[in-house]
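Input: structures, listed below.
One chain, chain A, appears in both complexes that follow, with chain B as partner in the first and chain C in the second.
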Partner chain A sequence: MRTVEQTLEEILNLAAEHFRVPRTQLSPDDDFFKTLRIDSLQALELLTRLEQHFGVELPDYEFQGVTDFRTLADRIQARL
Partner chain B sequence: MLDLKPYQSLQEALRDALETFHDHVCLIESDRGRERHRLTYGQFRDLTRPLARALQDTGLGADPDPTAAANRAAIIMTNQSRWLLAAYAIHYSGGVLVPLDYKLTGREQLALLAHSQAHYLITEWFFWQQITRSEGFADFRARCVVVTDAPADAELCGAVRWEEFVARGAGREPVFRPRRRSDWACIVYSSGTGGRPKGCVLTHDNYLEQCWSLTRWYPFWPGVRYLSILPTNHAIDFMVGYIGPFVCGAAVVHLRTLRPEFVREAFATYRITYVCLVPMVLKNLERGLRQRLQELPWLQRRWLAGLVSLNRMLTRGRPRPWLSRRLFPAIHRAFGGELLAIIVGGAFSDPQMLQFFYDLGIPVANGYGLTEACTAVTVNNLKPFRPDTVGQPLPGVEVRIVHPDADGIGEVVVRGRNVMSHYLDDPELTAETIRDGWLYTGDLGRLDRDGHLQLFGRKKNMIVTAGGKNIYPEDIEAFFEGLPVKEFCIFAANYLWPARTLADEQLVIVLRPEPGQTCGDALHSELTTRNRRLQDYKRVHGYLVWERDFPRTASMKIKRDVLAAEIRAAVERSAMVPL
Partner chain C sequence: MREFRGQSLSWQLAGGVCELALHREPANEIGTALLVELEQFAAALEALQNEVCAVILYSRLRRGFCAGADLRELYQRMQGLTVEQRIAGVRQFLERIHAVLNRLDTAPATTIAAVHGICFGGGLELALACDVIVADRMARFCFPELRLGIIPGFGGIPRLKRDVGNAVVRDLLLTGRSINAQRAHAVGLVAQLAAEGKALEVARATAQQVAKFDPVTRAAAKQFIKPVPYEELRREMDIFCELFARPVVDEGLRKFVESTAALPYLP
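Coming up: the complex of A and B.
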């Protein structure tokens, strides 16, 4: 079982890879809409990528209002 | 389709539709590419009977006053079959439907539930949890709460599971409670989650007339499949993803997840005929399509450019879907091959984006509407395609421009049987908004020689996001309460500094510091932190420091229009510090 810190680290790596930004530019409390310069639909794309990686189904509505990587990690961790 | 003119109420028309189109498919629900279920109109009717009966057993529709709070029932759900089953059962029972936005926070939903005084709530487990954990839940006074999708071990906090509730009504016929055209059908909130709630009271007449006029230009028929993407609580989807298709015997496709890849897949799988989108979603489709086209080899791109020119010439007067599908078979296959139109509205659409799709043979009908006008005021009928306008007034709808300037631009006012009855419990706001039967929209526009409406900005202090959300600055201010300044006020930037555009609308917070206070890094950081707690579409884009006290009324309310005029006269937009 992953720890929430491991989950967070994996999310940051995946986000960097998916949106082609240097991993060093991302930190846990970043507003990912701003840092990654993405809209809510692109955030949903990231959610699909995370589902594939973590092997869980993540309902769209549970992630409404989530804007930073740390909260994202908490929500995913709850479903692992 | 049914002839709607003789009907007195929505439920009467819908009841007949379920019989008339008994064996046709009305609903398809898919989850991540897996079809969950498919219902015919007959099956839909059978599923709603026990639900309506159970609602009636708890008192829905029993109050002889059709407008009584005891007859109001709210729905907070994502797009799914049960949304429409519940809406049908509420209306069948003589209830007034209150569709609420599932994207609001629990606290905001509680505020609107309280304002609407709905005695019933039908919602999904996730949203019910959100509500029960919100501040203000102790004051929540609904008589009956029904929840769907609740896990087996869930603590229901007084709610009843959908399955259990429906079972209570099984085997007994519900009573059909007729309503008149002038009776209330829905209370739809156009805004006001943090400030002054704007509950638009829409009558059965509003819906029947709006449906009649929309289907003149965009008819549905059995076999048509409408992809429901916009939230059903939104006026557009309620009309085009429920009432319209149902009275015509068409099918509605719901997706439990709206990830772009599943939306793309649904077009092909279900051979979608119509879809309504907000510009943000259309932009995403455009981005994906452009990227794929750019990856084509040079020669193919040249060939495509030639086909685009040919298609443009052939479709100058009107769309010719059969022809365009032959010119661009691969693109049209990706959209299911039967798409007749994408209807786009709810916010400003970039004409170049609309032209991009039309050039590929995908007609995009740009429209304009507001909840206060039931759904739509104008729509492009594509004869010919006009990306630069939001179309012409629908049949039965009148549009005028009042106090036009030298360029013919003035406030857009609307009259017709689609215009709402009033704002719930707000006669003052109603009187400001509807004058002599005309709805004052607060939008600035011009009618051209062909009767097409062009929009140029807003007279009112609000913004509409690319996702179609109406944001009123007053509603955001509560999130900045306690900010360490003397006073503050939020404005739409285009209201402070009028711009003849509806693109990229922004909010700006005006800060009046305490005497001697400097607005340094600490304040900037505080603003950023608070801003981030807001949903992304509600965020403030920048701030402005204002060194004078705000003008106030005798009751100490900020005189926003006076303050705006002072700021406009003294400061330029470039003074806004981005957040």
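Coming up: the complex of A and C.
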């Protein structure tokens, strides 16, 4: 079972890889819309990537209002 | 006419396979302009039916297959109209899109939707009129209409119900959540999964296979296995129009059009 810190680290790595930004530019409390410069549809791409990576379904309504990686990790952890 | 290049879509017929590409920015929203070109395509498909073995629908836009109805156009057209005029206008639009989708649904050719990215609302309804959905692994499917106080109006509910279990229809419709391609494949909505960026390639291979079969047998098989739920399609349209008359829909559309939310596409 992953810890929430491991989940967070995997999310940061995955976001950096998918949106081709240096991992060092991403921090847990970043607003990922701003840091990654993504819109709502790209956020859905990230959601799909996360579902594939963690092997779980992540209902998108649970992510309404979530903008930082740490909260994202908490929400995903609840589904693992 | 064996090819067409329009503002919202283009198509061409070669070797028995007709490929229709959607390319209306930003995400192939179905408004009047796209509807007119879909109507022209449906008429051409009928005229060319003896030559067409397979039809592939796909999008040239990176964002995806189709984001659904053009809600901005719908909202703008509603302004200054009475409730009765609004309902009459939306019913006329629905009658026209239903006529197109019914023709696509019953075309003798085998129709394939090659889906990538978002396939939401009216976009999913367009895909559901096709015989086979091929999906890129990054595709997502959604019926977000309830957030606006309406239901899908292009025939999505009866057509989804025709293809998958009622529990899946309820999950998609009543939660408004989007599901990924793997889930859509698991529940039977998607027929074939393709690697990222390969949905069109897989659809083309499928079309080549389809083209090998006797056209009369192919059409008979389709007619037998794919009945069109006309009564439910009509009922869906009526319910849509009943719901559309309420102020909550006006408010929902206004919120969507004016939204600066980070995730306006999410319910």
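Keep this in mind: the second predicted complex is superposed on the first by the 80 of 80 C-alpha atoms of A that agree within 3 Å, B and C clash if a C-alpha of one lies under 4 Å from a C-alpha of the other, contacts with A are read in each partner's own complex, and residues count from 1 in each chain.
In this section, a contact is a pair of C-beta atoms (placed from the backbone, for glycine too) under 8 Å apart; a residue touches a chain by one contact, two chains touch by 3 or more.
A quick note: this is a predicted structure, and the numbers were derived from the prediction, not measured.
S.K.: Touch test for A:Asp68: chain B only (first), chain C only (second), both, or neither?
M.R.: first
S.K.: Once the shared chain is lined up, is A:Gln52 touching chain B (first), chain C (second), both, or neither of them?
M.R.: second
S.K.: A:Asp60 in the overlay: touching chain B, chain C, both, or neither? Say first, second, both or neither.
M.R.: Both partners, chain B and chain C.
S.K.: Have a look at where A:Leu26 lands relative to chain B and chain C in the superposition and call it first, second, both or neither.
M.R.: neither
S.K.: Have a look at where A:Ile76 lands relative to chain B and chain C in the superposition and call it first, second, both or neither.
M.R.: neither
S.K.: Do chain B and chain C touch any of the same residues on chain A, and if so, which?
M.R.: Chain A residues touching both partners: 33, 40-41, 44-45, 47-48, 57, 59-61, 64, 67.
S.K.: List the residues on chain A that touch chain C in their complex, please.
M.R.: Residues of chain A touching chain C: 33, 40-41, 43-45, 47-49, 51-52, 57, 59-61, 63-64, 67.
S.K.: Applying the document's contact rule, which stretches of chain A touch chain B when the two form their complex?
M.R.: 31, 33, 39-42, 44-45, 47-48, 57, 59-62, 64-65, 67-68
S.K.: Any idea which chain C residues touch chain A in the complex?
M.R.: Result: residues 27, 63-64, 117-118, 137-138, 140, 175-180, 182-183, 261-267 of chain C touch chain A.
S.K.: Any idea which chain B residues touch chain A in the complex?
M.R.: 32, 78, 102-103, 105, 124, 126-127, 256-261, 280-281, 284, 466-467, 532, 535-537
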